[in-house]
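Take a look at this one; I'll ask things after.
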Amino acid sequence: MSLTPEQAAEIAAQRDARAETRRAISPGLEARLYDVIPVLDHGFVRAIDYMGDDEAIVQAARVSYGRGTKAARNDEGLIRYLMRHWHSTPFEMCEIKLHVKLPIFIARQWIRHRTANVNEYSARYSILDKEYYIPAAEHLAAQSDTNRQGRGDVLTGDEAQHVLDLLRGDAERTYSHYEEMLSEDGKAGLSRELARMNLTLNTYTQWYWKTDLHNLFHFLRLRADAHAQYEIRVYADAICDLTKAWVPMAYGAFEDYRLGAVTLSGPALDAVRRMIAGEQVTQETSGLSAGEWREVMAQMAL
Amino acid sequence: MSLTPEQAAEIAAQRDARAETRRAISPGLEARLYDVIPVLDHGFVRAIDYMGDDEAIVQAARVSYGRGTKAARNDEGLIRYLMRHWHSTPFEMCEIKLHVKLPIFIARQWIRHRTANVNEYSARYSILDKEYYIPAAEHLAAQSDTNRQGRGDVLTGDEAQHVLDLLRGDAERTYSHYEEMLSEDGKAGLSRELARMNLTLNTYTQWYWKTDLHNLFHFLRLRADAHAQYEIRVYADAICDLTKAWVPMAYGAFEDYRLGAVTLSGPALDAVRRMIAGEQVTQETSGLSAGEWREVMAQMAL
Amino acid sequence: MSLTPEQAAEIAAQRDARAETRRAISPGLEARLYDVIPVLDHGFVRAIDYMGDDEAIVQAARVSYGRGTKAARNDEGLIRYLMRHWHSTPFEMCEIKLHVKLPIFIARQWIRHRTANVNEYSARYSILDKEYYIPAAEHLAAQSDTNRQGRGDVLTGDEAQHVLDLLRGDAERTYSHYEEMLSEDGKAGLSRELARMNLTLNTYTQWYWKTDLHNLFHFLRLRADAHAQYEIRVYADAICDLTKAWVPMAYGAFEDYRLGAVTLSGPALDAVRRMIAGEQVTQETSGLSAGEWREVMAQMAL
Amino acid sequence: MSLTPEQAAEIAAQRDARAETRRAISPGLEARLYDVIPVLDHGFVRAIDYMGDDEAIVQAARVSYGRGTKAARNDEGLIRYLMRHWHSTPFEMCEIKLHVKLPIFIARQWIRHRTANVNEYSARYSILDKEYYIPAAEHLAAQSDTNRQGRGDVLTGDEAQHVLDLLRGDAERTYSHYEEMLSEDGKAGLSRELARMNLTLNTYTQWYWKTDLHNLFHFLRLRADAHAQYEIRVYADAICDLTKAWVPMAYGAFEDYRLGAVTLSGPALDAVRRMIAGEQVTQETSGLSAGEWREVMAQMAL
């Protein structure tokens, strides 16, 4: 990830500027605002703005007139209760805005989360920079033998080198042809909205992405999960860090009741109950399909 | 609208507290944050929090690294261009959170705007206060003769007095029965989630309501319109004031391109073109239905 | 629930009409289309239209050219896999449209589910019928002692009778005053949009409500739950029946993986693992709060 | 656009199958159901399913308006009234499901319309076909001189040929490397979720896309517009045809009040009023910026 000196200066200027506000602030996120968190080889995540803090969740749940909450149940207890019982609307009262730079094939996964606001850099209007994603050696995974949408072992030796050569060579060539088609040196120059089609899917794009905390947690639950593609998981991990700094209580509840949680189907619950009662349950006697049995055993680490 | 001393103190405490932030601030809205703006006889609107300012719209449209934008086209010009061309996503990058107290029958209109986050005071969990809306004399309108969902002249004299007596008497009686049913003096007391059904639709409720600027403008265009019911229009008007203080450039563009704008259908446009060319066009020669002709003439003030 | 003869005739005519279609059909739901399913004392649910069937879920998941699916994993297995792994988009490819008549205080709970399309009967434009909800004796529940938003025992004897008298008396009186205010016998007559505010919250309204299967399941999971208010749960139960007739495979998966499922937090999962290993775990040794421990024990029926 | 014999047979089988239904049907769309409408060089649109017809709009609107359905104003008049007055919810009561094959860079524009359901062919799970978009000679447009996101003249001669050679050569090469990286002939084979990043943005993808009529009209207004990129406009045009066959009355209203309509800002309206009054208005005397003046003159064809 490399910034131009101008970009670095603009970011530094934003970080230096301070103003007084009457609004709720999150000291944890203030400290990290505008900072560039590198992700993958050229990508990043930056928190640009936020609304609300842990207390704002409590305030909304109570439809309060002020900040004070002298109720018996403390703020953290209430937040955990809300999370546990899927009372999602108080979490929607917090909002975050991120600036993200990411490869296009990852942007296509990300955008499937529809309850968010997005402004993407326009390749109809502007020319994309020459930046493309090449996996690090340790992430150059082979196709999984068992999971059609998963990864297996890491490629090595000549095969790895060959793959890297192909990826790099094609990205270089398609980008240089993109530039060539756009060029107007004595020619008309292809329109930007057409020329972009020659770029490969690992080309980086960037956007402003804004969402509320409830929908952010939903995104993180799916994308910070072990089954998510590595290249989106690293973004989710970086956002998990920011979210923990922003709303530590809500994030703690999210970790316990979502990230670290397991959902047992009715039939799986029966099997677990029998195990607790001391019975030796096998897939055959569980009534579960082989696939579900395997998943339940794995999730429960049994 | 009356606050308890505790509520007034909580609000004052919130207004007095200041903190330093790195975020974009809107001086206009900071000055009005948390303040109670009375609406109708017991309702109010208060701005609780916000994200972004006019510049944030420009930043998002440009997917900027920083704040500074010294481009040829200035910020206001760009904001007006975006509004005129229905580029709605940059406006979604600003967000506002309001605390609103309003009669239930108005809350039912309001909630039809789905792209918003809402936390309403729960009458399953808590007991509603004894506050209900009674129209002021000058708003006690008769049914319109010409518009099935509109208002005609204002009721006067005995009829007006009788209506006010009925509204007030019924609200008093149903509320006192609500209290009586809930009461546990030597009795079990009806559950809150059932007792509430005895209240009339002019009972006040309250909620936290949060939405982005694009959807707020959509709400305001429909609800600050002359055809909206008076009792929701006064809320929309109060929010228009807050919005103007918050994002003056965007609000100006909204006034010109939405609030004060007129949409001409293809056939209406033809008629207007003929008028500009000097032709004397009538409904009969316009090709428009009588209803649409009337609407176009009224909208264009011709 | 009572229909006018005209309404009954219109429904019968709709049920009798048949046409040929190339679309996917659900024989189970065809048999019940337009039928009035009574709910509460005057309410109902009717299925008005639908799109898709179980096979349509599979087709969308596979982005198929046709209907045939000769893959190893059969349709039901795939549907169950999709449900278990929260692949929600294929379920969004089915859609249902319902006509519902329901008390206003329940409509207010219902509308909080935002991802749906709604057309409600307008009391600005039309006059509401004189129909209001009065709980049956066995549902006249007292306030719960332990759960602030729950019900306790059923009221009995004089207290029950008194409550019923109050509810009925107030609904009768407020409705007759509503009629009186609207009346134009020698008077101007209050506008409809104002007069409606005098009605009590148990007055019936009605709407067309349309949603996709994924969001319908979300609604049903929350509203067919034992913690939902009885008066909305009966609607959810009726819709569960219709959904089972419509998409039996998807509904079966929903029963196993949502309705009958239990989510264990990370800490609760630890406790369960220790129980399976034969340890005697108590709340104190579990690390869970008293509240969460009670909930986990209840959910798992331990 | 080429189908495999299996795909063609599956489509034919679907078109041949008929069943009886009690639901509303649209004869116009039934006739075109499942049919492949070719778009661009390898893309297509197919209508897979629908819910509702023109009458369904009226039915939904009248739940909110009242009981009587033999009112003076006929169905078409009501539909036009609803469209003119932005009563959008009745149009949401119709739904359509399409199967679309389209280049990835167009899919990225399309997906920005968030109020829709989408199932896309997964390149994590499956291997994409070797199909990529190459513009026809008459659409090989140069960059516009005046509009940064527009097209100018068509490229010709050697420059055109060179661009086509580059586009075709790069797509061929990147696809063949994609295949090579996936291949397991004596090698591990790169995982699909990684290999796909080597493809160019003109590679075709496909999805099932489902939306309601209100949101479809919004999509069509923006994408069938003269300012939309040609490559998405041809899809919008094909869908316009299908929509006209499906709901002819609603589509007619959409043409008059949306597609063919012009929105005048407050200041532009003033200028038009002065023109109608016979005044000779110029940009300077209009009070409009040069840009807006040009747009207004163009829109009104003055």
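As written, the chains take the letters A, B, C and D, and residue 1 is the first residue of each chain.
FYI, a contact is a pair of C-beta atoms (placed from the backbone, for glycine too) under 8 Å apart; a residue touches a chain by one contact, two chains touch by 3 or more.
Everything numeric in this text was worked out from a predicted model, so none of it was measured.
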Practice problem: Specify, for the interface formed by the sequence copies chain B and chain D, whether it is same or different in terms of residue numbers shared by both sides, with half as the dividing line. | Solution: same
Quiz item: Cα centroid separation between chain A and chain D, in whole Å?
Solution: 29
Quiz prompt | Gap in Å, rounded to a whole number, between the CA centres of chain D and chain B | solution = 33
Quiz item: Approximately how many whole Å separate the CA-defined centres of chain A and chain B?
Solution: 34
Self-check item: Sites on chain B at which at least two other chains make contact
Solution: 89, 112, 118
Quiz item: So how do the chains connect up here, line, ring, star, complete, or something else (other)?
Solution: complete
Quiz item: What does chain C use to touch chain D in their complex?
Solution: 7, 14-15, 17-25, 30, 33-34, 48-52, 56, 59-61, 63-68, 89-90, 92-93, 95, 97, 99, 117-122, 125-126, 206-208, 210, 212
Quiz item: Hey, which residues of chain C end up touching chain A in the complex?
Solution: 77, 80-81, 84, 86, 89, 112, 222, 255-257, 259-267, 269, 272-273, 275-276, 278, 289, 291-292, 295, 300-302
Quiz prompt | Partner chain C, residues of chain B touching it in the complex | solution = 103-105, 107-108, 111-112, 114-115, 118, 122, 124-126, 133, 135, 140-144, 148-153, 155, 159, 163, 166-167, 170-171, 173-174, 177, 180-182, 184, 187-194, 196-202, 229
